[in-house]
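To start, the structure itself, in structure tokens.
The first chain written gets the first letter, and so on, giving A, B, C and D; residue counts start at 1 in each chain.
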């Protein structure tokens, strides 16, 4: 939860004078940083962490930031620590679930994190983990998905098919995201969840229309935090070492207010302001086939870690 | 073993007239390809496979090639399928061995594949899997390594240190590679092996000099084929999908004699001739600290998958 | 779904004369077995599969059955194929989630399969994967769990604690199981789900009472089919080989109507009737500490695979 | 290295008066235990650790011991901590190597630890990890192995076959174990190694005799410490919890000089003297088929963890 937008109930009890419904306690943060004697702050995180990092930079704190979020949706860098391992793990866990889906001859509906950006559903699908994917950037026509997945299942000798669903995805006929409850996370976002289950239910109902009147059952699995658990892969072992060194290089040169980054395949850094300037999401026209509900398989001239480099 | 350099004993028995010590049976290969009716050949492999692919191209066969070798030493492409998983797995297996090394308070000497190029030892070391690495591109001063590893071990609260050794590495005082036997692999190279064991033995002997007269024991482990076993990671799931599509695009356009590739972070293709034009090895001046026997930690402007992009 | 209790909608369309709401199509099954020429049937499964196997045996089919269910709740055998791997995987996945729970300083609530028997929650807890467990055999006092878990969390330097919940568990104040929907699985059981989420919600609400007025957040994860995915462990590689051989031995000796089994640590077989004679569930008095909500740690004279041998 | 048989060079330098080639410094150990104020000692280990534990018990130290060795060769207990995970990991790593063996159409020769007892080679073979195994308890007729493995390979559609070799195995024509060097481990045993390589070499040479005159190549892999690395499986998570509790129960009751154990499938304890009374090795007549070079597949009345219960 950002110290600049703190609900009254979350203000630490020893602080007085913050009685508004939403409070900005940044002055207290600054006092503490000064008291501890922090010369340079190196915040590591995603959009929320980094946008508050920019706020502190604006307040005069020496900041060099490192992008780290498995969603890979920080504007200004092609890559954020954790994304590759998230893809590696999603592929691994999805493949593990195939035997269960196949022995029951069902649809396998797997929900992954990804609130605004569908990279974590699109990349594993491109890598062969799933037949189709549903991403936040394009509202889903559930009928179309039921049609495609039934077709995928029936031409698979083991009689199952797989769809990866981002937690932030939504049905075309639906007004807003599906909310598990009215609760919010520590940055004030309402907590998402359940779109995988809802799509699973829809598929079960719609499948009979495309399967000679017989309904197809569903295995639902939310991968949740499992995709950010376990050993980091090669890229997520090398990039943190590089980003850490780059941050120290910037500090040595007293170049503050910067975000270390990867730009078109090379290590670099950008002004921290880029973080808040724009959202980084999947370019649907370029990378998502809205008719086939899967990636566009066009690679000539594309970046190595496809679609993360724009 | 290349059909252009086949020892007499390896010539298939139904072929006659190949009685020289070394024989080129390429004409037989061409006849077979014609007989089967192969329109386009898509060879997938490393240096040896690809250089014979070029030979077939020179003979008029339509060839589009895909680079695949965990050594990542094919000239003309930044990346070969298998390299990232090899690094991922080397890191994973090396970390697994730490408890054994620590409980015995020893040096851990791990040998990995890599006949001519040290990428598979250098990258995991950069990623934190090892304290030091020994690569084919720079002959080893064993005294220096014993000194550094003893120092590493003694400042580690668990009293162990780790070195990664390429199979093609050599001691500075040694004239040629260490050969396990006089046998050759199917491309005619003599089989390597044993440098890890030899360095282990040297470290044990030399350690007492740097450790107050007390010898330090060694855990030796050759990872062998284990690093190319198991699930592929994210990159090695995405790149093959891209390379396969790129190859088909070239075939559709009838652009033969090409190698699909990654160049400076982007998918591309190059003439197949590039494969045989030069060796791709670690640029020691840029990437290997010959005094500290470890990578040079300089990242500004370097490629994402450090040192594979030159 | 058992062929002896088939809803009209599930009767294969080519069969006529089965128009009751629930139908027994066993005679069709027998005709088919005769038509195909099956001499001996070797069914492999859990309670439902095995009780229909007994039905076929009663009808005169030669049956030798093999127990396989990760729930390990088949009466007549200490062990069912899949249980050990389920425990191995639950421990592995639970440990993987610790870093996420710890970095957020939350309760980690993990739901595992187990409709009637709590073995799959109890054994991993005994093995150190969780602080507490909730099993179907003992209704949960949620206040007590909130109290214990808050205490566990606050004495953990990483500020988190873990509870494993069986899908068939229930709150003491709750009349019946929590049903995700009115749907039934292929054996006619209504589908379970959601108790993990409900306990998570309860914990969040109740925690402030035991934590100086401050609420503790929750990471919820349903492991689902992931615990029966991946490589089998040692026991689940050896036991299937043994069970298969034992089944063939029985067939050679024409001893039909039997279930291969493990009894008090040794391979054996029992009459197939034992399957339907009684339920195998956790003996709460002996193995579950209803005050501490965890296993009873008393081992003297207990079986190797604790509590599966009664 | 046992303090009762310490070479002069291994005597700690601050101790004087130990100038014999082999020294017993047990009196120093006893003085130190007394000085530190150790009331009860709980040694955990295999044959060597436990036999010195017995020595300390004989000297009057209060000892309760726990068996832990992946070789599972401690007399007096059916099970030692680490054995199951060793089997689990050996199966996993062996399966991982199949693709490499198959793509090269070779013999896969895998060497595992096991100096005197072949349990760690026999059990994975029984579980389906290998076609054949070679154990220390029965000298190998290499011709017979070459014959069987060639047959196994040629009826495998992927053209490979697998043999597991204990490090302590020996060729029938060979007088003594194969020693990598003259060095000894910390208990004074000479270090083993190389039998896997030697058998690999023998197989390559002999194979042509059984394969129409064509030699079959070999992939050699020593698993080494990798089989005792990584996550423990279910049994090795539960048993240590049980053994630890049993040890504390004994201490509470002041029953010293005992080894916690599993006997015929149940937790128990035995006098520590049993450790030194006899060797626990594979009962070849009962469990190893000396003609087929693989386990005897007879399970009726056998213990769950086959052959470890005698």
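Going forward, contacts are C-beta pairs under 8 Å (C-beta built on N, C-alpha and C of every residue); 3 or more make two chains touch, one makes a residue touch a chain.
What you see is a predicted model; the values in this text were computed from it and never measured.
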Report task. Could you tell me which chains are in contact with chain A and with chain C alike? Result -> none
Query raised in the report: Between copies chain B and chain D, are the contact residues mostly the same numbers or mostly different, with half as the line?
Result: same
Query raised in the report: Between chain A and chain D, what is the separation of their C-alpha centroids in Å?
Result: 47
Query - Between chain D and chain B, distance of the C-alpha-averaged centres to the nearest whole Å - result: 33
Query raised in the report: How far is the middle of chain A from the middle of chain B, if each middle is the mean of its Cα atoms, in Å?
Result: 34
Query raised in the report: Which chain D residues touch at least two other chains?
Result: none
Query raised in the report: Linking chains that touch, what shape results: line, ring, star, complete or other?
Result: ring
Report summary line: Chain-chain contacts, ordered by label, are A-B, A-C, B-D, C-D
**Report entry** chain D partner contacts - residues on chain B that touch it in the complex
**Finding:** 93, 96-97, 99-100, 181, 201, 219-222, 224-226, 228-230
**Report entry** Parts of chain A lying in touch with chain B, wherever the complex brings them together
**Finding:** 78-79, 84-85, 87-88, 91-92, 95, 123-124, 126-129, 231-235, 237-239, 241-242, 245-246, 249, 262, 264-268, 297-306, 309
